[in-house]
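Shared between the two complexes below is chain A, which pairs with chain B and chain C, respectively.
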Partner chain A sequence: MNFDWNYALDILPLLLDGLLTALIATVVGYVAALVLGLVFALARRSSKRWICLPVGFFVEFIRGTPLLIQLFFLFFVLPQLGLALSPLAAGIVGLGLHYATYTSEVYRAGIEGVPPGQWDAAVALHLPRRRVWTSVILPQAVPRSIPALTNYSIALFKDVPQLVAITVAEPFTVGRAIIAETFRPFEPITMAGLLYLAVALVLSYLGRIVERRYKGMATA
Partner chain B sequence: MSFIDFHQVSKRFGDNVVLDDLSFGVANGERVTLIGPSGSGKTTILRMLMTLTKPDSGTIAIDDEYLWHERRGDELVPAGEAHTRKVRSRVTMVFQQFNLFPNMKVLRNITEAPVHVLGTPKDEAEARARDLLEMVGLQSKADFYPSQLSGGQQQRVAIARALAVEPDILLLDEVTSALDPEIAAEVLDVLRDVAKTSDVTMLLVTHAMRFARDVSNRVLMFNEGKIIEDAPPEQMFNEPQHERTRGFLRSVLEEV
Partner chain C sequence: MSSAQLGLLLYGAWQTILLTLGGMALALVIAFPVGLARVSRNKFLRAVGFVYVELFRGAAVLVLAFWFVYALPSLGWQLEPAFAGILALGLNMGAYSSEVVRGAIQAVPPGQVEAATALNFTPSQGMRRVVLPQAVRAMIPSFGNNVIEQLKATAVVAVVSIPELTFNGQLIWSGNGRAAAVFGGLLIGYGIMALVFMTMVRLIERKVAWS
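So, the complex of A and B:
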């Protein structure tokens, strides 16, 4: 069986449209994961039990269940409870929430890595609690977290094909639609895979640059 | 009640009794050095005054205000955070490990509290910070990051930073223990200056005995969570009364 280049070129625009959708899901989902993860991490450190306990339970629950089931829940079950999301919106919410539970652990480690003496000094200088976080703790904890956070952008991107389950038109979904018409799976699936590979390579290259930039900075 | 008043304060970490039913007072403006073997509770005293460590029992008061308690009628109840914050706002502390904020340049390390706690306008706080840097001999380092300074320089910045909050009580916790003797001397010179030019109340834990003799007007000897001797420095260092004090001073002086 030979790779048909003409066929491959014919379907490329469709697949690229799919790739654009995948990139949107990745970028928006990842930004949501970065923000929500920080919120989760801070909430779990709260001294108020009515904040830290439910958030802790929620995070463990999401982290302990498969993304695929969460996507099904968001797309098929939520509408029955009165909240209908478009496939892409459901996908972004699913990816964002799921990865927020991972990034929150990264932030947690970053926060715990700030030496206790920094907290002591903040008390000795009478800094208000909010100020301690925004000017002392997070500026040290976040740079420390960046290499690990970058890795999750790649992991998240590679989980985008799971959105096929909720009909988001990313490359894999597009490829399956093409196969349904042409009955020729070799090129669409190979091309979809190559597109994912290309983006993942770019992301990991960027990740390495970021890592080099921030390694050691936290200990400075 | 004394200006600083410890009343029947106890603290244990696990089975280890750090402070044992301890009561003592410090007068306003007094310079008190706490000496004694490690683990005898000296640092715990300072950390309690800074509210970094909570006593198991007893009361601590500063200028008639309880640090960990509030008066409600005739009763003492556990203090809310706002109360504790208010009382401790008169106290600051310099640490053995400097604890400068590595993400801020030297100048902002010093202005952070004046600007965001005292509400001093930024340019005013910066002018004052530069004065303080000059006092500790580091006016040229304002735009450096702490990691670009030596240990002795970092500690001098930490002293400037502490003075910037205009404390009534300055706690110095083994501020030269992490430094080479030569470097320690420049830090101690700065502190002698502070002692001479201000009337801040000082509590210091140190092993630098000559410095303790120079700046303090009272020395407390701690052993196993109790004060076993309380005397002016001349008496404490020249004719200690307690056998344990004599042994301790002998071992410390031999070390140096």
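So, the complex of A and C:
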């Protein structure tokens, strides 16, 4: 059987719409992961046991279990509790939550990498605790986390196809709808896969550039 | 929970374990030749290794599984679903694991290679008898992490109707409609399996650690 280029070109606009949805899920999910990850990292450093223990358990549990089932949980269980999310919203929350557990580890390493003298100096200057974090520790911890954080944006994008399971209109869901009409699966599935692959390759190329630049800054 | 449902879950868990181990075995079989190709002096081999890693790290498990199950039959290749699942898992994880192999080989101090050369070892002898025995120990913890990642990735192949734990859980859910119990239970089940795998990995790590 041959690849039918006319058919492929016909369905390309629909698949590109799907890719746009996938990119939106990636960007919004990633921003959520960056913010939530920092919250998790700070909460796990809390001296109050009733904060750091449950958050620590939650983070380890989410990180150790499959994203797909977390998506099912968000999409099928929350409506029973009175919180119905659209497929895309559930997908974004799922991706953001799952990857926040990864980014929180990156932030943790970044915070631990700040030299202890910086803490001592902040105490010696009698800075209030909030300012120790916002003016001394985080401005040093976050930049050194950036290369690793960038890599997780690529990893997150590669998990977006899983949103097909909760009917988000990403390329595979679009492809399935096309197949239901045409009964010709080869081109839609191949093209959806190639679109994902192409974006992943571009992102990983950009990621390498970011990594090199930040490595250069660290040694300079 | 009826005994039929329990049987479905246990069978699914067993299939999940087989997919994890099968995928990881394929990944390791791929990882060593590809990892070695990446550090080869031969430009062509390095290029082949690079293309493999970029391609299969970029192609997510679900993308590969979808293509194997839904597109490949159009070319006249009908794969057994479980085989397609292991192939997708192994090809993808093979790319990640080959980076572990490459990193561990490059982390062996250059003095070791120089010493092997000074002792008149051929390059391949030096690799087999001096570099790899040291590098393999350094790979073990990363491979351990890969096993846990592989376990999580197996859930994805439920999307192409392979009857592992997630798929069978969905079957039960479509029967009884109790989403919270089924998906909460699945999460706990995967959590327990991850814990068991992690404990086994730690035991192996301790066994091969420098004494």
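Keep this in mind: the second predicted complex is superposed on the first by the 215 of 220 C-alpha atoms of A that agree within 3 Å, B and C clash if a C-alpha of one lies under 4 Å from a C-alpha of the other, contacts with A are read in each partner's own complex, and residues count from 1 in each chain.
Heads up, the rule we're going with is that a residue touches a chain if its C-beta (ideal position, glycine included) is under 8 Å from a C-beta of that chain, and two chains touch if they have at least 3 such contacts.
Fair warning: this is a prediction, and the values are worked out from it, not measured in the lab.
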Partners on chain A (chain B, chain C) - clash or fit: fit
Three-chain overlay, vertex chain A: chain B-chain C angle, C-alpha, nearest 10 degrees: 100
First (chain B), second (chain C), both or neither touched by A:Gly96: neither
Touched partner set for A:Thr65, first chain B, second chain C, both or neither: second
Chain B versus chain C as contact partner of A:Gly18, first or second or both or neither: neither
Of chain B and chain C, the chain that contacts the larger number of chain A residues: C
Touched partner set for A:Gly29, first chain B, second chain C, both or neither: neither
First (chain B), second (chain C), both or neither touched by A:Gly110: neither
First (chain B), second (chain C), both or neither touched by A:Phe172: second
After superposition on chain A, the shortest CA separation from chain B to chain C (Å): 26
Interfacial residue positions of chain A with respect to chain B in the complex: 115, 117-118, 120-121, 123-128, 131, 135-136, 139-140, 220
Residues of chain B touching chain A in the complex: 50-52, 85, 88-89, 91-95, 97, 99-104, 112-113, 116-117, 145, 147, 161-162, 165, 171
Contact footprint of chain A on chain C as seen in their complex: 54-55, 57-60, 62-64, 66-67, 70-71, 73-76, 148, 152-156, 158-159, 166, 169-170, 173, 179-180, 183-184, 186-187, 190-191, 194-195
Residues of chain A touching chain C in the complex: 1, 61, 64-70, 72-73, 76-77, 80, 158-159, 161-162, 164-165, 172, 179, 184-186, 189-190, 192-193, 196-197, 200-201, 204
